[in-house]
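Two complexes follow with chain A in common, the first pairing it with chain B and the second with chain C.
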Partner chain A sequence: MKSRQASKRLKNGLFLVFFSVVSLAYLMPIGIVVINSFKRKAYINKYPFSLPTGRDFVGLENYRAGVEAIGFFEAFGWSLFITVGSVSLILLCTSMCAWYISRVKNRWTRAFYYLCVFSMVVPFQMVMYTLSKTADSLGLGNPLGITVVYLGFGAGLAVFLFAGFMRSVPLEIEEAAMIDGCSPPQTFFLIVLPILKPTMVSVGILETMWIWNDYLLPTLVLDQKKYKTIPMAIQYLKGGYGSIDWGLMMAMLVLAILPVILFYVSCQKYIIKGVAAGAVKG
Partner chain B sequence: MASIRFDHVVKTYDNGVTVIPDLNLEIQDQEFVVLVGPSGCGKSTTLRMIAGLEEVSGGGLYIGEQKVNDLPPKDRNIAMVFQSYALYPHMSVYRNMAFALRLKKLPKGEIDRRVREVAAQLELEPYLKRKPRQLSGGQRQRVALGRAMVRDPQVFLLDEPLSNLDAKLRTEMRAQISTLHKRLSATFVYVTHDQTEAMTMGDRIVVMKDGRIQQVDTPQALYDRPKNRFVAGFIGSPQMNFWQTEVLRGPEGWRLRGAGLEFGMTGWQLEGYEGKNVTLGIRPEDIHAEEVMIKAHPDALVRGKVSLAERMGSEIYAYFASGGQKLIARAPARTGIRGGDEVVMALDLNKLHLFDADTGERIPRQG
Partner chain C sequence: MEKTLKRWLPLFGLPTLAAFTVGFLVPFVMGMALSFCRFTTVSDARFVGLANYKSILGDGDFLHALWFTALFTLVSVVLINLLAFSVALPLTKGLRGTNLFRTVFFMPNLIGGIVLGYIWQLIFNGVLAMFGRTLTYSPVYGFWGLVILMCWQQVGYMMIIYIAGLQSIPGELYEAARIDGANPRQILFRITLPLSMPAITICTFLTLTNSFKLFDQNLALTAGQPSNKTQMLALNIYDTFYSRAGWEGVGQAKAVVFFVLVAGLALIQLYITRRREVQQ
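Here is the complex of A and B:
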């Protein structure tokens, strides 16, 4: 009995050490970015791991200069607009789509469902060039147009998750709503949508994190002279001949990841639920 | 007027399977009709056609004088109670009950009055703010009933509403539903596979099999005069005993021989059955262990060793075989019959049922 307890304690201790090391490995890059965001650029390359003190500490100067240099608040505004718009469109359209294909069972809805699942498998790199040309010819190179493109890319995962959840919603509830007097849109918005809320939150969080951090799609689709999201704007800190002002870059990276960290902390349990449901993409 | 009429109604699904080939049925206004039958007999499909949840493939379905084949559920003035209650999980009890009235855009005061009145009748007042997941099965069922009642419909449709409840609660709710019917003066159509519910609740029972009506009658008439072997076997618990007998013509009239017995049958229309087999049926309570019955029917005695004796409190179900025929008898508990006992019992020849061995149809008595 005693030896079993001792071996259990030893196993727990080893897990603790192992996962602490793994956690440090994940947290270290973020920590390095944060501490270097408060340093003068000349000292960042020389002493990347030291804390900012004395002559290398510049306070919030990197933040101020970076915000000015890249037009951070404008980029933040576009990122927010595109993320909120795309996620809203994805949630509305894909939830309705999943409701239809899970309730109307024929070969067309089955085929459409499998198409959505298949779209999750296709790598973005396969379609990005043709996508760029198509978006250009359709005039989608603006914040409103790109939400349609995100709808296309986000639909696969979202339909898959919603359809899976819909199967657990008893049809009798919708039939009761029909008898009570609901039209199909009323049935969806008053009865089905509130029941779908947990899945909507999970899907919304996953899509938000993907779209907010996305660099490649906006770069390919958006008219970069007029519109820049945060990941795109940060790239402009790369000067000619590959020179980078690391101090400003670090500061802007902190500002870029801060909303995501705050978002994650507030929605942590829903994200884990969504991941556990097999929602990992990319 | 809330009578319901099925006029040669047919139900065929998209895959071509016809589950209801030709249904003709009239349910009177304010009647309590029970649709009963084994799983897959079409009783729920019939109910759902009344509700408008299933399309009618052919024929005419009428509520009152109006043909409702193409009328959406919300325009039929019906309310339905589902087996799984189908309460809206994100709404409180109050909102569940008020939902239909809100959709009709009734004034708030009127909605509140109706909901509270029904909640008082069903003793739901303490639970109005709770969500369905915070209620027990019986409470949820009452909320489902209440949600139907507030709408003041002309027809109540109940699809096996008690099947998810325990036995004690089922008995209580049965009485409550019956009382409700008397109070509301509405037409009730009740679907169940439980014959106890059917026998105790219905004004009339519709026994169905394979999409066809076998018999429509009052509970007692179904029990005493089943139209065919299926109805005879379905109604009554334990099931009626059946065995094959040969019809003989003796000097004093018709005789039946089978399972080691031979006895005279007076008062039966057995012309055309001489030398043929008929199915004899007798209910377990009509096989008697009492001495007086054994003396009264000396020709119709069955003997055997009890293989199983189920004690039900006030009576015993004795399972035994006689002349190669398995039988079940209901005996009073005071007989003290136990497994392994050798028993002698008498068939009450006045309570026999005969069925055509080929068609299963009842062979009538004379007169």
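Here is the complex of A and C:
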């Protein structure tokens, strides 16, 4: 019995050591970027794995110059505005729509549901050219307009997930509310919405991860001279001839990752749960 | 209730329906139609039949991108799922530190493709510099660079899904198997794997479509260098549209082919793995 316990403890110890080493290695790339963000650019490409010492240490100079070169804080503002705006719009509109199509059963609502499922396998390249032209002609090439584009292109997954969850919600509660005199909007906002909360978290996280990091759609839809999101600002550093100032690049990568990590650390539990739940239903 | 609700279509259905029409339906139908046209702006489109599709067949870069993408997808789907599953197994045993490790492995997934591409460009170039080479020296480097990048990004995500799947397998099954004298190997192949099929279906679906449609990472890591030999399909289509004037029609035809490939692959994969799912 004793030897068995000892072997179990040894196994646990090995597990802990092994995974600690792997985890550290896993985080290394980010650490290397952070270290290099304090180096003079000439030293980054040649010696990316050495610590900045003496002459090649430039302090926060890369950050100062980088923020200025790409207008980082402005890009951060637009990214935040577009992500929060689009995700709120998606959550509100698609949950209402999904409730409608799961409670009103006819040919049209069923067709719309299948169209949503269909849209999930259509790659963005299929519609990118025509979508950017359509958005342009409707005057949607600004941060407010792009939220509508995101609602349109992101509706498929959201409606699919909400409608899937709705199937397991008993009709009786809603019927009771309506018999007691609730109008459909009251029934939705007072009864259905609270029940939908866990799915809201899933959909919200999946759509946030997509929109915050999206590069191609905003590049094609937005007026690039006026508005840039963070991924667009980073890609802008590459310049026309493919030459990159690696000092600025490192500093801007750190600034781009920082908000993501803060967001992750503060809602880590919801993110992991939301992803697992969203995937299982999909 | 259905009757009362039906009248509320303008409030509940219309916003999504309108946006879906503008953001998906119209561009999709227009895209289909334009693939049979020659155009530089949408208004000057002229019907040319299958000419655009014919010029795809003679486009060496596109055919290379197709082959490159297919190989990349195959390698990354296998690697990501193997790694994710083998990390998920020990992380469901309730050992100390499990939560921390899960958090760490999932983290890269939240970082965007463009940012990821540049992070790894620095690292690969740093390693290759020791041998006097760069990432764009040979397409082989670009290929494995993309594979490593994809693994780093996606293993954590798939691990979370596998963990959820593994945790839904009832404990009695393992107990019964052990009492019956099954060894760990038999338990893995006769119980764990068959009952993880739903998770395997989802994970292969996600890795397959993500890899096949990869764009941001490809653009930031190598941008197709050297001489378009590490260009994947999505990037090739983008280049056809935006850096070759007069080729918009061909670009749209490529996009249609791309869509058919993605949809076809996804359906075949779902059909194959769904068939292997078992009832508990």
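The criterion applied here is as follows: the second predicted complex is superposed on the first by the 247 of 282 C-alpha atoms of A that agree within 3 Å, B and C clash if a C-alpha of one lies under 4 Å from a C-alpha of the other, contacts with A are read in each partner's own complex, and residues count from 1 in each chain.
In the analysis below, a residue touches a chain if its C-beta (ideal position, glycine included) is under 8 Å from a C-beta of that chain, and two chains touch if they have at least 3 such contacts.
Since we're looking at a predicted model, the values are computed, not measured.
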Task = Pick one for A:37: touches chain B only (first), chain C only (second), both, or neither.
result = neither
Query = Per the overlay, which chain contacts more chain A residues, chain B or chain C?
reply = C
Message = Looking at A:173 after the superposition, I want to know if it touches chain B, chain C, both of them or none. Which is it: first, second, both, neither?
response = first
Ask   = Touching A:213 in the superposition: chain B (first), chain C (second), both, neither?
value = second
Ask   = Once the shared chain is lined up, is A:83 touching chain B (first), chain C (second), both, or neither of them?
value = neither
Inquiry  = On the A-aligned overlay, A:182 touches which partner chain: chain B = first, chain C = second, or both, or neither?
reply    = first
Request  = Could you tell me which stretches of chain A are touched by chain B in one complex and by chain C in the other?
outcome  = 175, 178
Key: chain B-touching residues of chain A, taken from the complex the two chains share   = 170, 172-173, 175-182, 186, 191, 194-195, 197
Complex contact set, residues of chain A against chain C = 12, 15-16, 19-20, 22-23, 26-27, 29-30, 32-33, 36, 44-49, 93-94, 96-97, 99-101, 103-105, 112, 115-116, 119, 121-131, 133-135, 138, 140, 148-153, 155-156, 159, 171, 174-175, 178, 184-185, 188, 209, 212-216, 230-231, 234-235, 242, 244, 246, 249-250, 253, 256-257, 260-261, 263-264, 268, 271-272, 275-277, 279-280, 282
Remark   = Listed in rising order, chain B residues that touch chain A in their complex are 51-53, 72-74, 78-80, 82-84, 86-90, 99-100, 103-104, 147, 151
Note = Per the touch rule above, chain C residues touching chain A in the complex are 1-2, 4-6, 8-9, 11-13, 15-17, 19-28, 30-31, 34, 41-42, 90, 95-97, 100-115, 118-120, 122-123, 125-126, 129, 152, 157, 160-161, 163-165, 198-199, 202, 206, 209, 213, 215-216, 219-220, 223, 233-234, 237-238, 241, 248, 251-252, 255-256, 258-259, 262-263, 266-267
